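Chain naming follows the written order as A, B, C and D, and within any one chain the residues start at number 1.
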């Protein structure tokens, strides 16, 4: 398939989108939601850009570079925020964001 | 994780989104693009509703039923169109659509 | 333009998406975020399905019926939740949801 | 509303998303679809990043800068391609892309 070179990054993006969406919903069920407000906001942004990045790469699109550059930056913001919180969903999300940031930076450099 | 009951359907949705996006781009590179026009149009729709379905299920959202109902219907349309074409990307997409349609119908019935 | 019959519904969808996204962010800044948790969750869902509905209608897609049916249902859920809260952003969002629900129901019946 | 400073850019993004989605569907109905293949591909990318840009700005999100930077770049690619084709939908789309590119560049510089 022509989008094979993107496979690892697409997978990282879908994993991250799923982790971010799960984290956002789980944060909204925490006792102290207020403390999680920035985490929720970034989770939603990050999930959306990750889904878009996966989409453009699946289309082997020439837009991949621009989208992956933005995706790496938002993964960084979201991953750093998630890393501050001790809940499992935040820690798992931080890991997914970090991996996705790395994959997207490589892709943006190569695309 | 609270969205575990959705895991299999989320995976089917991401697989289908990737297959549809790949199929759309590959159809645009075929010699007879005109013959693929409906396939391209449905691929784009199907990829987008699949990504949304994965997102709402990852959030264990109460919107899952409505989104999965729509997703199953669009997977059916797209899968039937793809099945008409002999190219590998269309045949693979038809399979992904069929599996995703089934998963989404189960989810819509259960949610 | 071939998507003229959709114009009024597309506009309602974009208005609703904007109102829902704004409401979600504003709810996250309220003192009692916990009370707004369901509102935030539905706002995010509703904004996403509204953007998708606008997209498929702008493409005059045969998927419009299925997407508008789901959109109307999620607008109803979100609008009813928003209507319970006195803040301006919730009241404005409830109005946008109600209008979008009506437009999408008409579209789903006609498409 | 806290997202007032984004109003003009959000509007440009929704206009551009609608124009791109319409252009993609209209290109697929042209006699010589093959000639429009790159236009269709970029239209789909551009519509998606424009909808995401409108969403993050409606949430007054700190991700706005990264998303608007990517959006401006993809609007440039799409607008330049559309400008090459004489059909009304391409010419209208080229205009919408150009305006959205400008608004997104200003936003990215200011955010």
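Assume contacts are C-beta pairs under 8 Å (C-beta built on N, C-alpha and C of every residue); 3 or more make two chains touch, one makes a residue touch a chain.
Everything quoted here is computed from the prediction, not taken from an experiment.
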| item | value |
| --- | --- |
| Touching both chain A and chain B (chains) | C, D |
| Where chain A and chain D are represented by their mean Cα positions, the distance between them in whole Å | 22 |
| Whole-Å gap between the CA centroids of chain C and chain D | 21 |
| Residues of chain D touching at least two other chains | 24-25, 41, 44, 48, 55, 59, 61 |
| Overall pattern in which the protein chains touch one another (line/ring/star/complete/other) | complete |
| Chain A residues touching chain D - in the complex, by the definition given at the top | 41-42, 44-46, 48-49, 52, 55-56, 59, 61-63, 66-67, 69-70, 73-74, 77 |
| Touching residues on chain A, where the partner in the complex is chain B | 1-3, 10, 14, 17-18, 21-22, 24-26, 47-48, 51, 54-55, 58-61, 89 |
| For the chain B and chain D complex, residues of the former touching the latter | 24-25, 28-29, 31, 33-34, 37, 40-41, 44, 48 |
